[in-house]
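You will see two complexes here that share chain A, one where it goes with chain B and one where it goes with chain C.
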Partner chain A sequence: MYFFDKLMKLDRRWIFLFLVLVCVITYVIPFQIPTLMEPEVKVIYDFIDSLPPGEIVMVAIDYDPNNMAELHPMTYTIVEHCWRKNLKVLITSLSQNGPGMADQALRDLSDSLRLDRTYNGKLFKGREIVRGVDYCFLGYKPYFALVILGMGQDFRLPFPNDYYGSPLDSLPMMQGVYNYDDVACVVDISGGNITDYWISYGQNRFNFPLALGLTGVMTAQYYPFLGSGQVFGIMGGLLGASQYEELADNPGLAKDGMRVQLYAHMVIIVFIVVGNVGFFMDRRKRKFQQEAR
Partner chain B sequence: MEFSTFLWTTFGAFVTLATFSFLYKDNPFYKFAEHLVVGVSAGYFVIILWHNGLEPNLFQRLDDGSWYFLWLDSSRPWYLIPSLLGVMMWTRFSKNYSWVSRWPMALYIGIATGIAIPLEMANRVNKQLYATMSTIDWANFLGHGHFNLLDTASGLSQLLIFAGVISALVYFFFSKAHTGVFGGIATFGIWILMIGFGASFGFTVMARISLFINRVQYLDQNWIQNAFNTANENYSAWFQVVFWLIVLLIAGYIVRELVTYHKTKSKTT
Partner chain C sequence: MKRQLPLFLVFIFGLFMIFQYFVPHETSEWVYEFLLDWILVIGIFALALGIWSLYLVSADKIRFRKPNWGYSYVTLAGLFVMIIFGFTAPVGESWGWYFVFVAAVLLTIGMIIQAMVASSAKGLYLGLAGLCLAVAVLVAVFDPAWGFFFRSTEGLQSTMFRAFFDHVMMPILATMFSLLAFFIASAAYRAFRARNLLASLLLVAALIVMLRFNPYLSPIFGDYVARTSNWLMNVPNLAAQRAIVIGIGLGIVSTALKVILGIERGYMGKG
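Up next is the complex of A and B:
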């Protein structure tokens, strides 16, 4: 009983400290854990992987720096996958703090695409990524609902120029590309309610294939849309990003973080079990004390 | 990495550690980081809105007009109408004229509602209802091809979704006492809801840990490794000086807190 009494009065900061130590130790020690595939992630990979070269994949980078931890690895791995497959990428960023991060990701990936790399046993020669040819970054416009509706008519309506100020008509990639009918799919990587608008105002109205990359907090909420066929795939949180990295044979920050996740979750589960046992023991003790009186 | 870049990286590391210091208790470092984030976000948002909203959507479209004619001589003067509506919104700050702001507000809400209602009805109600009422796949009841309880397209999953939706709705039906068979269905509904909340909680835990992992990756890969990366062509002793200054600052704060804690403890005993 004494142990559980002490446990119920334990300062929560000791739990924080213990969790920090577990996370840092598992981060420092290098080891691998297996990644189990979920069909809702694999279907996105298979869809993009099966596209013929030259097709356009639209990636909506709709998150702020506070969601960067979970969603930035998704952006990196999907855009790199597209470019290695010689697909073109059309990018928007409908979250106000997103354009800077999107620009950073594009510059980083353009650099890494210069190198020869082998993915899933296949060699991909390095090449120069050219703005306006391999990708077009539309940038940010406020009021995402209206922007999503506007792009359904013509991308030039909300975005006459790209993020860097070039008119869309002057970009080779955008010749003959007008609206969602001209893209193979839309992948919305989002950390907020913009996803609702992509489903309602985008997919529902214009009927294009839509896949979602979501933060962990949001993921469970969007599974009904997968069941109803309104979205064809979901990547949920860091796990979803690591699964895509595994499929694309391109391990990055997400896969690196999952081994820490494993042990952090184990610690949290242990604390939940111990806390509940302590709670019930405490309740039983009070009950006995009341009966004794 | 150049030294100036490393200084920014160090500042990022300092702000990261200052934010996490809140887990111990509220302190001036945390307050600084909190105010900085709010200030920078607001400032950044204003500039982004100016360059991506007002400038291309209003000023560039009226730029062939003259300000002394209030841009009425522009070839597209109708762009003045939304800008006027925008200005009318600001009358909310006046006690006497705040009623003026109701006009743009009414127009905005009217348009938004008109667009949203049919789309939301089709998206969140009709399509979800169709999916719930889909025919149960008896041929693949326990999974497609092989036994798989996690197969979301199996007949069992479809049956579970249907039963789960009905029982969860029954739980929220309060016009009849939750007793007998009705009570049993409502209890099953609670279990379904709890499983849903549990899934959300699990994902939330993963999200929060992900944020921490990302910061650890930043501190290690962007800050500590660069502080000791002698292979860097721009490397100098200043990299380590800055690094150790931050470490000393943190250590000093911890020592100060420990001393204060022991002083308070000895006073109370």
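Up next is the complex of A and C:
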């Protein structure tokens, strides 16, 4: 019983150390893990993949660096998928640090799109991504509910200029593009309650197709909207991002991160099981001691 | 009058926003857009208030030497450094005397804060602040290598602003959030115990959802774990979440009505 006593009182620093070792080892040593698909993610991929070239996909980068491990890979894989398909991307950021995240993603992806790449057996020639032609970054405005409502009237109402200061009317991509009626869908990638406003003030009022990219802990909360049809797809956490990368045949940040997450989860599960074994053995010992008295 | 006017305004505009939703007339849309613009403009003032409040709280901590007062200098330095980098940027390849300007502005602000919080030698600090300010003004006037960008976003794209965001802000925030994983692991080990039936159900459901897309389990269990997990998410979870969402929705409607009708007056502060 001495062992189980020690197990019950295990110093949490041992747990931290074990978790660090698992995370570092699985990140440093590259190996592939198979990805199992969820229909909620596949429906987003299929929707974007079926759009004809020239259509506009609106991506709302509504997260801060806190959530970048889970949500940044979603932005990368979706925007790259759109650009490889010659779709145009309209980007907005309704969280304070969102513009920095969007700016970084746009810089990295613009570089990456210059290279020839093969996805799902099809060669995509590298090309220059041009601001105002391939994408328009609207930037940030405070009070996201009002901005979402305003964009439903006209994107020019909250954003007369794009993030770089050019009037929207001067951008080729924005000619004849006024509000949500002119975009094929909105993908909200969010780590907070902005998603609620996209659903209630955006989709509910203006009735556009809305897909969500959420952190793992938020995912269960938004399943009712999937069931009600207000949301047509959900990418949940790093797993959702890795599933999208798998579908787009574009392994990147999420597939790398999933290796770590999978093993970290298994470690946590092992700790939970060990903790429960210790708990039951301890309870049994006390029961025996009580009976002995 | 002081109390009636806000109540009257809330009542009128609240009713207008309700009816406007159902009236797709041009005039109604125009008033609605006008109001949205107004709310955004009013909201910007909150930003200024926020910055002023942060300054006051930090200065107060320094003045009264409250616990961890030293970090308040870091907070204020971070605030002003990002503001300076956001509004200024080099014009060409050369940086010129840009960093002398940044250092002079920061020292000016630092000296002014010191003068406000110090109990003695206030004059010395103010004098030093004046000297630093003179240096900053001289550099700003005579150095053509960089400029101010108050009405455009060049500053937000400057190397320094991006470098501080990419290499300071991002790692700090990401690290803070990543620490959660360790606390969750430790908390799960200590607290996630099958003490009774409900706790056992929660434990089993959590394990199934965590394991649902574990590729190493599918050869053993087939798609049983994934199907069970999908059922948990789509049936019990959906039912509970839907009840919560509907409850919240009804709560929002009733609170909004209470505010419009003047029953709920918390937004007016005291009274």
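Criterion: the second predicted complex is superposed on the first by the 293 of 293 C-alpha atoms of A that agree within 3 Å, B and C clash if a C-alpha of one lies under 4 Å from a C-alpha of the other, contacts with A are read in each partner's own complex, and residues count from 1 in each chain.
By our rule, a contact is a pair of C-beta atoms (placed from the backbone, for glycine too) under 8 Å apart; a residue touches a chain by one contact, two chains touch by 3 or more.
Small disclaimer: the values here were computed from a predicted structure and weren't measured.
Using the contact criterion defined above for the overlaid structures, shared-chain residue A:L10 touches chain C, although it does not reach chain B. With both structures placed on the common chain, the touch criterion links A:Y164 to chain C but leaves chain B unconnected. Contact with both chain B and chain C is seen for A:Q221 once the two complexes are overlaid on the shared chain.
Once the two complexes are overlaid on the shared chain, A:N276 sits against chain C while remaining clear of chain B. Once the two complexes are laid over each other on the shared chain, residue contacts for A:D103 go to chain C alone; chain B is not touched.
Once chain A of one complex is fitted onto chain A of the other, the partner contacts of A:T35 are limited to chain C, with no touch recorded for chain B. In the superposition on chain A, A:Q153 makes contact with chain C only, while chain B stays out of contact range. Contacts of A:I268 after superposition: both chain B and chain C are touched.
Of the two partner chains placed around the shared chain by superposition, chain B and chain C are both touched by A:M68.
Counting contacts as defined above, chain A residues 16, 20, 23, 66, 68-69, 97, 99, 139, 141-142, 149, 205, 220-221, 224, 227, 239, 264-265, 268 meet chain B in one complex and chain C in the other.
For chain C in complex with chain A, the touching residues are 21, 29, 32-33, 36-37, 39-40, 43-44, 46-47, 151-154, 156-157, 162, 165-166, 169-174, 176-178, 181-182, 184-186, 188-190, 192-195, 203, 207, 210-211, 213-215, 218, 226, 233-234, 237-238, 241-242, 245. Per the touch definition, chain A reaches chain C in the complex via residues 10, 12, 15-16, 19-20, 23, 33-36, 38, 64-69, 97, 99-100, 103-104, 139, 141-143, 146-147, 149-150, 153-154, 157-158, 163-165, 205, 220-221, 223-224, 227, 239, 262, 264-269, 271-272, 274-276, 279-280.
Within the complex formed with chain A, the residues of chain B that make contact are 23-24, 41, 44-45, 48-49, 52-53, 56, 112, 115-116, 119-120, 122-124, 127-128, 130-131, 152, 161, 196, 199-200, 203-207, 209-217, 220. Those residues of chain A that touch chain B in the complex are listed here as 13, 16, 20, 23-24, 27, 39, 66, 68-70, 96-97, 99, 139-142, 145, 149, 160-161, 199-201, 204-205, 215-221, 224, 226-230, 236-239, 253, 256-257, 260-261, 264-265, 268.
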